[in-house]
Amino acid sequence: MTPRVREILGWYGADSPGTLTNLARLLNHGRLAGTGKLVILPVDQGFEHGPARSLAPNPPAYDPRYHFGLAVEGGCNGFAAPLGLLEAGARDFAGEVPLILKLSNSDVLRDDKDPDQALTAGIQDALRLGCCAIGFTIYPGSAHELAMYRQVALCAEEAKRNGLAVFIWAYPRGSALSKAGETAIDVIGYAVQIAAQLGAHVIKVKLPTAHIEKDAARAVYEEQSIPIATLADRVRHVTDCAFAGRRIVIFSGGTMISDNDTLLDEIRAIHAGGGFGSMIGRNSFQRRREDALGMLAAMMDIYASADARS
Amino acid sequence: MTPRVREILGWYGADSPGTLTNLARLLNHGRLAGTGKLVILPVDQGFEHGPARSLAPNPPAYDPRYHFGLAVEGGCNGFAAPLGLLEAGARDFAGEVPLILKLSNSDVLRDDKDPDQALTAGIQDALRLGCCAIGFTIYPGSAHELAMYRQVALCAEEAKRNGLAVFIWAYPRGSALSKAGETAIDVIGYAVQIAAQLGAHVIKVKLPTAHIEKDAARAVYEEQSIPIATLADRVRHVTDCAFAGRRIVIFSGGTMISDNDTLLDEIRAIHAGGGFGSMIGRNSFQRRREDALGMLAAMMDIYASADARS
Amino acid sequence: MTPRVREILGWYGADSPGTLTNLARLLNHGRLAGTGKLVILPVDQGFEHGPARSLAPNPPAYDPRYHFGLAVEGGCNGFAAPLGLLEAGARDFAGEVPLILKLSNSDVLRDDKDPDQALTAGIQDALRLGCCAIGFTIYPGSAHELAMYRQVALCAEEAKRNGLAVFIWAYPRGSALSKAGETAIDVIGYAVQIAAQLGAHVIKVKLPTAHIEKDAARAVYEEQSIPIATLADRVRHVTDCAFAGRRIVIFSGGTMISDNDTLLDEIRAIHAGGGFGSMIGRNSFQRRREDALGMLAAMMDIYASADARS
Amino acid sequence: MTPRVREILGWYGADSPGTLTNLARLLNHGRLAGTGKLVILPVDQGFEHGPARSLAPNPPAYDPRYHFGLAVEGGCNGFAAPLGLLEAGARDFAGEVPLILKLSNSDVLRDDKDPDQALTAGIQDALRLGCCAIGFTIYPGSAHELAMYRQVALCAEEAKRNGLAVFIWAYPRGSALSKAGETAIDVIGYAVQIAAQLGAHVIKVKLPTAHIEKDAARAVYEEQSIPIATLADRVRHVTDCAFAGRRIVIFSGGTMISDNDTLLDEIRAIHAGGGFGSMIGRNSFQRRREDALGMLAAMMDIYASADARS
Amino acid sequence: MTPRVREILGWYGADSPGTLTNLARLLNHGRLAGTGKLVILPVDQGFEHGPARSLAPNPPAYDPRYHFGLAVEGGCNGFAAPLGLLEAGARDFAGEVPLILKLSNSDVLRDDKDPDQALTAGIQDALRLGCCAIGFTIYPGSAHELAMYRQVALCAEEAKRNGLAVFIWAYPRGSALSKAGETAIDVIGYAVQIAAQLGAHVIKVKLPTAHIEKDAARAVYEEQSIPIATLADRVRHVTDCAFAGRRIVIFSGGTMISDNDTLLDEIRAIHAGGGFGSMIGRNSFQRRREDALGMLAAMMDIYASADARS
């Protein structure tokens, strides 16, 4: 147990030893074990975007075992997926990589202006599959947001009671927000705060832009001169919004980017801003396996380097 | 236990021995026992389309026992029906054919643009009737899709906990889709993926056309040159969408087709594409009994022949 | 136990001895005991239509005990009513007549185009009152139909688990149907099928007309030349739609008819068509007691005569 | 135990000795003990109409203990109020007056055309506070009526199982009714019937007018020449609608009336018509205490006099 | 135990010793211990208004421990916050300050005309975190008000059963009210009464203005000459509306006010009017720490001075 991991676990004083053990499993697994940084492979795009769009660019990825293997060989801290995908590999890869069961999902067949998520599995599923955490998506800004918050609260209480950790994917979206607002710095910061208040141990958001969506927020950003010019600035602000950095915030990898430099620049900015790591899906499994492993290694090199902040 | 059945059971590593036993009962029953292929008689049309439309073309079919008998004599792997119909024959035919209780149903009295299903029975019903599986219909694309996913997830968890297998009828439909889109290759592939992610052991879909419904999907199909020209191509793609063929996908028989050659050509294409079989309702029970038995035998001959793919 | 009752009980092979015992109580009670025919007194009109409209034509009927007494003295097989009315007489008449607790009710204060029913009592109420069955109304064709089917399914499972029998009043109604469609032969047949699939032991419908509501159904009725010209033809078709006559279908008596010949002609047609009997409310309790007893006796004479079909 | 109370308890043959004991506590308490008549003090106007409108005319009434004291000293059979008000006095006045916990409430901040009620307490609250009964308001005629009926049915079953009695405030209201229709004789009669069918032991309604709201009802009232000209006639008809007088029907006192003669004339009419008493709120607590006690005594004198009907 | 605290506890005669113990913990903690007055630090603005707007004016406040420390050093009676924030400090500050878990929350990303709250934690969370009370927000006047009342009732019953105290934040808001109406004296009085009737032990409202929103209320205020001219008058009326002062009513501190005199004048008016104290969030944590401590001390000085009323 490294001092940094011990420090991080110390932030979760309200949790049971069972939940801390599961958080420690994630923090102490893979290439970044002990650093306090996390690179997690999330594969829910088959459900969220459709199988052909997600998997056809790299056909071996149609097989769930491909992703388990990629997470193991890539040295990821964990692997996150919906029920069916985890069921398809949990026995073959038992004990090889910490699992996060994504309990909620949606699809893109519909294009509702106020998106929602369905609960597609339960805590008992996570326990029987040997997961160390469960995860949900919330859409702050959607007309369904309050129902999602409540659902998360109910499941999080059950998860913690059973010694699991809780991830929240906080994706602002819906009729209350413009398209640009979905990644506005004020909105991402707000989403992170909501997830933290809902009791998440780990929060995943998209990288924020310098756009400010709400007038009432803009006044404060300007008055207080909150630095948001660079990506690192914004990452730093976002982690501040998660209880002054005392909750783990990680960032999504976004759509497939063929230009590795651009992608790694983002990782450097996350690292410089004090972010805790990445959930990197499409940029992992939509490349050829060797490329993905190389990219993951390069990312982990950055996260393993001396932290610019903490 | 044939090697092929053992192989198939190996795909379901997250399931209990109880559920595997029930899957094995289906795979090892009837004319196709041991082949890994399934021909199942589904009779829910009395509920879904009305009794006269479904049964009047072959009046003996009004009697539930007719269908049990047809499934038994026809050598089907199983018989699927709603609660009432199974209750009407389960004692008389106990042990003669594996049963699948269809837990959800709808009717066509209404013609809502966003269709939904009612839960019309429960897991305890399946257990008291000696069923080996339960089944549901989902309508991806309907405004009610998320509620249906959640309902399936709740029941599937209970079913697996009780050692039952889970079927999902995945029928894309609703205000998000055009009529052609209901059987579009991208949409059927997506529906199969959703069902697999929801934890289905067996997935039933309609045969897909070469139509592509969603622009975002079309770009990928074209870019990746996914073969979808022939029916066998499309079946192959659809089984890929079910965890690279590691979930059982079977196809519906569609409306009554008097031309046997057309029907058998479809079966040959399913077989050639690596599909796992058929659920063949109206093309079974809307014919005279001898014709139905002949047709079932001809289908099974095809499925029992050397598999073009696996 | 007559052979006919034994035969009927044989249709319910999925039910527990407890439920069969309760079905037998109904079939072996009153003037028609042992015949396999049923005349049941249903009194829910105070709730469904209002007390003055229902009871003022025969003021003694305001007293719940009047109906218990009428059912007993009239030799009815059973007495069906909502919670309050049964509570008001169940102790005084304990053991004198089988009771059916109607679990759902609605009123006519509102005139919603898509009617619904409220669950107004539960299985535990039925058990404490000594009932042998519970009953519900469903409105196939209403926008609320799926919710009603689900409610029925939940309660029916609990009822069967507790050894009770299940009645369904299947009254097509709602925005999907024209007024004539509510009693159209295709729609009544469909409603009976739905009730049978939901697991009803006894199904009550209105007498169907020769009208056909749905085009898709009309094509089949014409193509298959299903006889529907006479009321007996239609009754026969409706009982076919209930698992080829293997579920008990009874018919409502409709509004008060002063012309006894017309009413008894309907009974003769039900009998000739193989119907299992009547639920006869307003035509019983809206007459003077002696007239009602005479009418019930005349009806039972018809049902007790040699059955034209079975 | 007087013969009259014993007779009334005999109407509730389906209830447990526990519930009968609680009904007897109400019937045998206060000035009217043993007469079979009830004068109950209901104080929910702070919630239903607001505190200033309800309590400012008599400022001591802001204190919950004022109402307990008024009910005790006034010799009322019981005291009915929402949770908070009962909690504020139940220990100080334990055993001094039977309590009825009003489980549902609404407010007048909103003016929805289809009113609804919130469940604001539960059966366990009633038990811990030592209540002998629970009560609800239903709004027959509102678009929410069926949901309210179901809620009442669920709570009433639990209440009876725990030996409590059940009151229903039946207040017709909502988009299906005109303003005059809310107190129309046909509608009040219908509301009483619905409450009785839902299993109420005691039903409270407003005094009906001679207006008839529904055409289908008017035809019957005219054809059967139901007497509704005088208030006593109407009270008699309304009690008939409650199982021929075998359920306890009491009447609300309405808004504050400064003219005592008018108020007492209403009481005389209730008494003459066979009504069982009054729930008299604003006409009790909006007067000075001595006036209220005088008025209550005058009312009870009337109810204690020889009953014109029973 | 001071006589005043003993007196206050005496108002809650329906509560268990467990709940009284927890109320006493609040009343006997901090600088105002034993006075019967309460100054509580509430920090839910990160969720309700967003982190930057709430916390950037005083950056140390991003850290949850800042608020625990401020509550402890400031001598507050308690500290109220949502789940996540309490989880982040409950172990480090265990036993140092009484905690109130705010069970419901909303955000301002949306601007719905009928606001609602999500349940974001449960009673079990409060117990595991060592809280002495739970709290909710209700929005009387919103189309969702009845659902919120019901939710509060359900949780309050569970809380009391587990020995916790219950706070209600009563914030009138929604389509039934004008903006001015949200703090109108009649509406605030009504909101306090509703909260008291729902069984709250402590009620928090905004300071009322002299505006009267509803015509029916205005008539009474004028007729009864209820004094509402000064803030102290209005506070006195509002505490009257809480069972004649027998429920604890405290007032929110509102938006950040830089002019201390204005703020303290409000406190003096609350004190003069017999209010029980303040929940003072933004005026505490949006200042520099020393300023906040000074302001809290000044407020407490006022509340600790001889009470003008009780």
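Note that the chains take the letters A, B, C, D and E in the order they are written out, and that residue 1 is the start of every chain.
To be clear about the criterion, a residue touches a chain if its C-beta (ideal position, glycine included) is under 8 Å from a C-beta of that chain, and two chains touch if they have at least 3 such contacts.
Small disclaimer: the values here were computed from a predicted structure and weren't measured.
Colleague: Taking only the C-alpha atoms, how many degrees of rotation bring chain C onto chain D, rounded to the nearest 5?
Modeller: In short, 70 degrees.
Colleague: Same or different: at the chain A/chain E interface, is the fraction of residue numbers used by both copies above or below half?
Modeller: different
Colleague: Between chain B and chain D, what is the separation of their C-alpha centroids in Å?
Modeller: Here chain B and chain D have centroids separated by 58 Å.
Colleague: So, what's the distance in Å between the C-alpha centres of chain C and chain B?
Modeller: One centre to the other, that is 36 Å.
Colleague: Quick check: what residues of chain B touch more than one other chain, meaning two or more?
Modeller: Residues of chain B touching two or more partner chains: there are none.
Colleague: If each chain is a dot and touching chains are joined, what shape do you get: line, ring, star, complete or other?
Modeller: Ring.
Colleague: Could you walk the ring starting from chain C, turning first toward chain D, and list the chains encountered?
Modeller: Order of chains in the ring, chain C then chain D onward: C, D, E, A, B.
Colleague: Over in the complex, which chain C residues touch chain D? Could you list them?
Modeller: That would be residues 46-47, 49-53, 56-57, 59, 62-64, 82-92, 105-112, 116-122, 124-125, 128-129 of chain C.
Colleague: For a test of understanding, state which residues of chain C touch chain B in their complex under the given definition.
Modeller: 11-15, 140-141, 143, 145-147, 149-150, 153-154, 157, 161, 172, 174-177, 186-187, 189-190, 192-194, 196-200, 214, 216-217, 220-221, 224, 226, 237, 240-241, 243-244, 246-247
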